[in-house]
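The chains carry the letters A, B, C, D and E, assigned in the order they are written, with residues numbered from 1 in each.
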Amino acid sequence: GTVNLSVAASLKEVINELSDSFAKTHPNLKFIKNYGASGALAKQIESGAPADIFISANPEWMDYLKERKLIDTSSIAIFAYNTLVFAGSPGKASSMQELSRLERIALGSPKSVPAGEYAMEALKKAGLEKLLEKKLVMARDVRECLMYAERGEVDGAFVYKTDALQAKQAKILFVVPQGLYSRVTYPDALTAAGRKNKDAAAFLTYLHSNEAKSVLGKYGFSIY
Amino acid sequence: MQISMTAQKSFGAFTLSAEFTASGDRVGIFGVSGSGKSTLVSMLAGLVEPDSGEIILDGECLFSSTSKINLRPEQRRIGMVFQQHCLFPHLSVSNNLLYGFNRCPPQFRNIDFNMLVDVLQLKGLLDRGVTRLSGGEKQRVALGRAILANPRLLLMDEPLSALDDGLRFQIIPYLKSVSERFGIPYLFISHSLVEMRLMTDTALVFEKGRLVEQTTGEQLARNRIGKSQVGYINLLKLGRPSPASSLYSYPWGNSRLLLSAVSDNEEVLAELSSKDIILFKNHPVAISARNLLKCTVRSIFDSRGTNGIELDCSGNTLISEVADDAINELEIAKGNTVYAAVKASAFRLPGFRPSGKFIS
Amino acid sequence: MTPLSSTDLDAIRLSIQVAVAATLLSLPFGFAVAYLITFVRFRGKVVVEVLVNLPLTLPPVVVGYFLLLLLGRHGWLGSLLDLAGIRLIFTLKAAVIASAVVGFPLLVRSLRIGMEAIDPQLIHASRTLGARWHDTLLTVILPLSLPGLAAGSSLMFARSLGEFGATIIVAGNIPGITQTIPLAIYDYAASPSSDEMALTLCLVSVVISLIVLFMHEIMAKKMIRRD
Amino acid sequence: MTPLSSTDLDAIRLSIQVAVAATLLSLPFGFAVAYLITFVRFRGKVVVEVLVNLPLTLPPVVVGYFLLLLLGRHGWLGSLLDLAGIRLIFTLKAAVIASAVVGFPLLVRSLRIGMEAIDPQLIHASRTLGARWHDTLLTVILPLSLPGLAAGSSLMFARSLGEFGATIIVAGNIPGITQTIPLAIYDYAASPSSDEMALTLCLVSVVISLIVLFMHEIMAKKMIRRD
Amino acid sequence: MQISMTAQKSFGAFTLSAEFTASGDRVGIFGVSGSGKSTLVSMLAGLVEPDSGEIILDGECLFSSTSKINLRPEQRRIGMVFQQHCLFPHLSVSNNLLYGFNRCPPQFRNIDFNMLVDVLQLKGLLDRGVTRLSGGEKQRVALGRAILANPRLLLMDEPLSALDDGLRFQIIPYLKSVSERFGIPYLFISHSLVEMRLMTDTALVFEKGRLVEQTTGEQLARNRIGKSQVGYINLLKLGRPSPASSLYSYPWGNSRLLLSAVSDNEEVLAELSSKDIILFKNHPVAISARNLLKCTVRSIFDSRGTNGIELDCSGNTLISEVADDAINELEIAKGNTVYAAVKASAFRLPGFRPSGKFIS
């Protein structure tokens, strides 16, 4: 059979690895993978795009589909967690408070990028919002944030730990205290259409196996 | 053909009011530059919409502002030779020529392509793109294209202006024979009175957008005796010539004429200007003119400074132009006898191409 | 330079398929619309102009969303197609439609510039020679618009090769099935380690579009005989 | 319909600024390049054509990325500008440049179609009347390319209004400073709750581009006197 | 002006080889349609590059394939009246007219705009866009545009073909006077031998791309006696006329002539065709011709079927055309006396517009 995946782009490497190893034990199984922004994925599913499993980068879009009865509600679970970090050239800053010394800081556009929303939340809680207002550069996604930091266009960027680990130039300067922002969760679920797909259910189960958890760990995600 | 037009068209200060009824298959349109000739034929073809009025061709209404009739150009089957050629730049000469031919109903596709190409001297050019032609070549293609479509009326807007006389006088008889044979009436615009006399029977004279004169080609020319620098052109129907020493003797009605030019045709129409006929009271002696005709004065009509004398020469008609004084001196009066002298070289044979390849 | 993987080769093939199909699909419509706007007076011309230019003004992503609404299972066109058993979303057909819609204004504009330069007297001439409007359209207007057509379709082709925003939304980003070059580039650019692959694909894209550009120019020059 | 917020109004203003500036900025260059390609024979014409068409073929994101490489603090142009104290990245100027680069091929193409339709005999005529090449350029070629120029610049303007991919990379998405309409739409569309605002902004964008389209067409018709 | 050209240009099967040296300020180019006339002047203007050869104008090399010289059109200061007008469609009539004027060095801007507009009858049209003109109006604008640029050489490619005679014969004397006054030599292409006689001194005759004859306009016309249907045109310099009953008496050298046309000018050049002169051995009586001149035969030159007779009439020269037979009959021989009869209406005054607004 085939399993259609709609997965948030930031999970591309993880899911590629997991689907490959799952396919090894299920030789007749074919994965059709679609990576994109969570919102676009949700809209596509709503429009009837073939998807058996949906993994979102935030609960909001999962809820959106749930409300429209396009998700097998019973299958919703947390696939992984991520951590917000601040990455940049070494030595620029080592804590939230030192950010005020910087000239330019990149973060995902809070309205459209979950990572940016979390970063903004943290800045507000830390009382730095007004202070840094003129220094913030809103990027399209986490990847662009990191690219700015890598190329030195900004002094540093709020990104996920998983992204920061892939960086060449930029280093994680500090981890944003979890107290400053809500947890970054990646919910997964079978879609209404995927409910009857046995292979999809099997793969979803596999995604919560220990083998999967160790792969997640390898890429920097946390599982609890 | 019967055209009845009562159409107005204004461009700013200029207003063309075309109000006339014309019948006959060969109609000429005269007028100085800017008098509205091109606008008139464009309205007939359906390319320019009159502001108001009516156009009726052979009983069919082509345009009427009151009945809101306006036939589309392709419904009118009126062919047009444009003043500025308007060839299709993306087609070869032969595809331009055949454009209308291929679109006309099969029963009308009867004009001989090869003969047309021959007369227009386009043989070597058929595969050439029309953008790579000389000015005169373009004009000939435009003419051929319109003829091959065998329209029910052909409008020609100065179709011969870029051609040398040799070509021109080869094309004119061809045009006339095609028109007669296939029943294509035409409207012909030209600045040349000779072309007009040769090509048309009826003439409409426009001036500043208004019809000032409607007449036969014959009458038009007569009216212009004294006004024109060319004079009235007598057209003489001559038979097949026989050589006569260094000249050629042509039958003309009951008499014969000596001409210096030769023609191969069964019948030719020779031109003779009224200015080239000199009258004598008595038979002159030792005169260089090779033709001396004894004539009777049929009528005299005058116009400023000169007089037109209509002569009867053994049943043929000739018109000569004579000064006032000469009338008295020669005692020219209706019924009197005079001798008319004409040089052998004074005749002009249309379509005649002298051995020299180049002529005026 | 890193060698191209099989999904890269797929992406190249798919991109060419999409660009060719989108261009060919659009040509007759583009020509018809350009003709209408240039030569025909009719009510609602404004509406046509608005619709044609819409995809240009809007960000491609938005165009993608609108197409998704239209062609999706609940969209008014999509639901009809669903009844006929046709599914467009997440297929290559959707990618073709996305490219066609986004490139359409470019095609129409180019054609219009070409058509407006046609001497109206030539159209008159063909009419007096007995050609009806559709005949004139095919034998005079079409050949004389070829330069505009060639320019427009090469613009369209190039634009299709670069189309990303609308495509990813209606066709998805499925390697080997709907992943075209821009989507593959997007994927590569996501990870800092595969920048080079992204560049390689960019190069491929540029080379393809150049080949097409030159082919078009040669075609256009051959097709019209002018000095 | 939800009323527009102040950042939305900012986005509208910024979008217009960017589109106008990008169009005006490109006009002289576009005209010069189209002239070179159409009328002048020179070595390396192929290279110019490649460069001009590049931004069309590549996904806008990639164009943005290249511009960042070029204009960024460590880019070869950016570092020079940095010395002169000029910073482009994350400013409205960068948005203008992004729009200009992405729309440039459209402008040049339109101009070329218009220029290629000019009767070479008219250029000949102006030469025999003593006009040097730049004189002919200004008094014959320029006025006769106006239809192409109007079409090209309205295409360019519309494209600028819709430009998203390249802009967001070089200019950032900073509300009130560099956030143009497409970026604002993107933001709205990304959250399930603000779809409507996205639609409103789309509408604004369409209306603006239509106004410009019609202005251009009227202009073009007035500027050339033909029947 | 001195032109020396040895240039070749091939278009497929057609090859123009322009090999000649011409001097004089008024050069004519003859040739049937397609003989290479337009190509020739385009090479001179720098619009068509010869395949090989050399073009030298007044000692300056304009083109040389061996020295790789090819002056650009604007460096040559050679004006051109195109066969197909080539007006700037985006400019008004006056801006078209002034295009070259504004670009010529200030010291050469001396051609009177208003007078030009007057002669070309463009007054009411100055603000009009040139796409909204009639065919003849376009041609006049094209002519005016080239003249106002005051070029050092003016090339005219059938500049009068779309004009009526009235306009044509008003423009010709103007063109000649402008050329003389401002020292603008010209090359003139036309199919009309009369236009050529009036406009040019030297004539180059082309045929299928090759120069077949180079001659003076005078000689060209003489050579064509008998070949041409118009005949040789005598040009007579006449003084100011005085009325003589219904005619006008003009001084001509030591004698006087009676003409039916009147002119206001101090001096006019009247045309008289060799075919309009009839010779008598003895003084004839009662003849309608108003002019009888006693002449001495100066020389006889022959050509097929007709002969040119050069006559001395009180010091003036006239050429008459006569058939072979007449030579014997009238005992025409060098030194003999003959009487020449010419009708008052046979003369043609160029530039003369009869009161009727319309002429042939």
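As a convention for this text, contacts are C-beta pairs under 8 Å (C-beta built on N, C-alpha and C of every residue); 3 or more make two chains touch, one makes a residue touch a chain.
By chain, with names taken from UniProt: B, E = Molybdenum ABC transporter ATP-binding protein; C, D = Molybdenum transport system permease.
What you see is a predicted model; the values in this text were computed from it and never measured.
> Could you name all chains that are in contact with chain C and with chain E at the same time?
Both-contact set = B, D.
> With centres defined by CA atoms only, which chain is the most remote from chain B?
A
> What's the chain with its C-alpha centre farthest out from chain C?
Measuring from the centre of chain C, the most distant chain centre belongs to E.
> Calculate how many whole Å lie between the centre of chain A and the centre of chain D, each centre taken as the average of the chain's C-alpha atoms.
Chain centroid spacing, chain A to chain D, equals 35 Å.
> Mind checking the centre-to-centre distance between chain A and chain B? Centres are C-alpha means, answer in whole Å.
Those two chain centres are 90 Å apart.
> Give me the residue numbers in chain C that touch at least two other chains, ranges are fine.
Within chain C, the residues that touch at least two other chains are 65, 189, 227.
> Of all the residues in chain A, which ones touch at least 2 other chains?
Chain A, residues with two or more chain partners: 147.
> So which bits of chain B are touching at least two other chains?
Residues 84, 132 of chain B touch two or more partner chains.
> Sort out which chains touch which and give me every pair.
By the stated definition, chains touch in these pairs: A-C, A-D, B-C, B-E, C-D, D-E.
> If you look only at chain E, which of its residues touch chain B in the complex?
Against chain B, the touching part of chain E is residues 11-13, 30-34, 37-39, 83-84, 121, 124, 128, 132, 134-137, 140, 157-158, 161-167, 191-194, 205, 207, 224, 226-231, 245-247, 258, 260-261, 274-276, 278-282, 284-290, 304-306, 320-326, 329-330, 332, 338, 341, 343-346, 348-349, 352, 354-360.
> Going by the contact rule at the top, pick out the chain D residues touching chain E in the complex.
Those residues of chain D that touch chain E are 119, 121-122, 124-132, 135, 139-140, 143-144, 146, 223-227.
> Per the contact definition, I'd like the list of chain D residues that touch chain A in the complex.
65, 68-69, 72-74, 89-90, 168-169, 172-175, 179, 183, 186-192, 194
> Given the complex with chain C, which residues does chain D contribute to the contact?
By the definition above, chain D touches chain C via 49-50, 53-54, 56-62, 65, 105-106, 109-110, 112-114, 116-117, 120, 147-148, 151, 155, 158-159, 161-165, 182, 185-186, 189, 198, 202, 205-206, 208-210, 213, 227.
> Which residues, counting only chain A, touch chain D once they are in their complex?
It is residues 37, 39, 42, 60-61, 64, 104, 106, 109, 111-113, 136-140, 144, 147, 151-153 of chain A that touch chain D.
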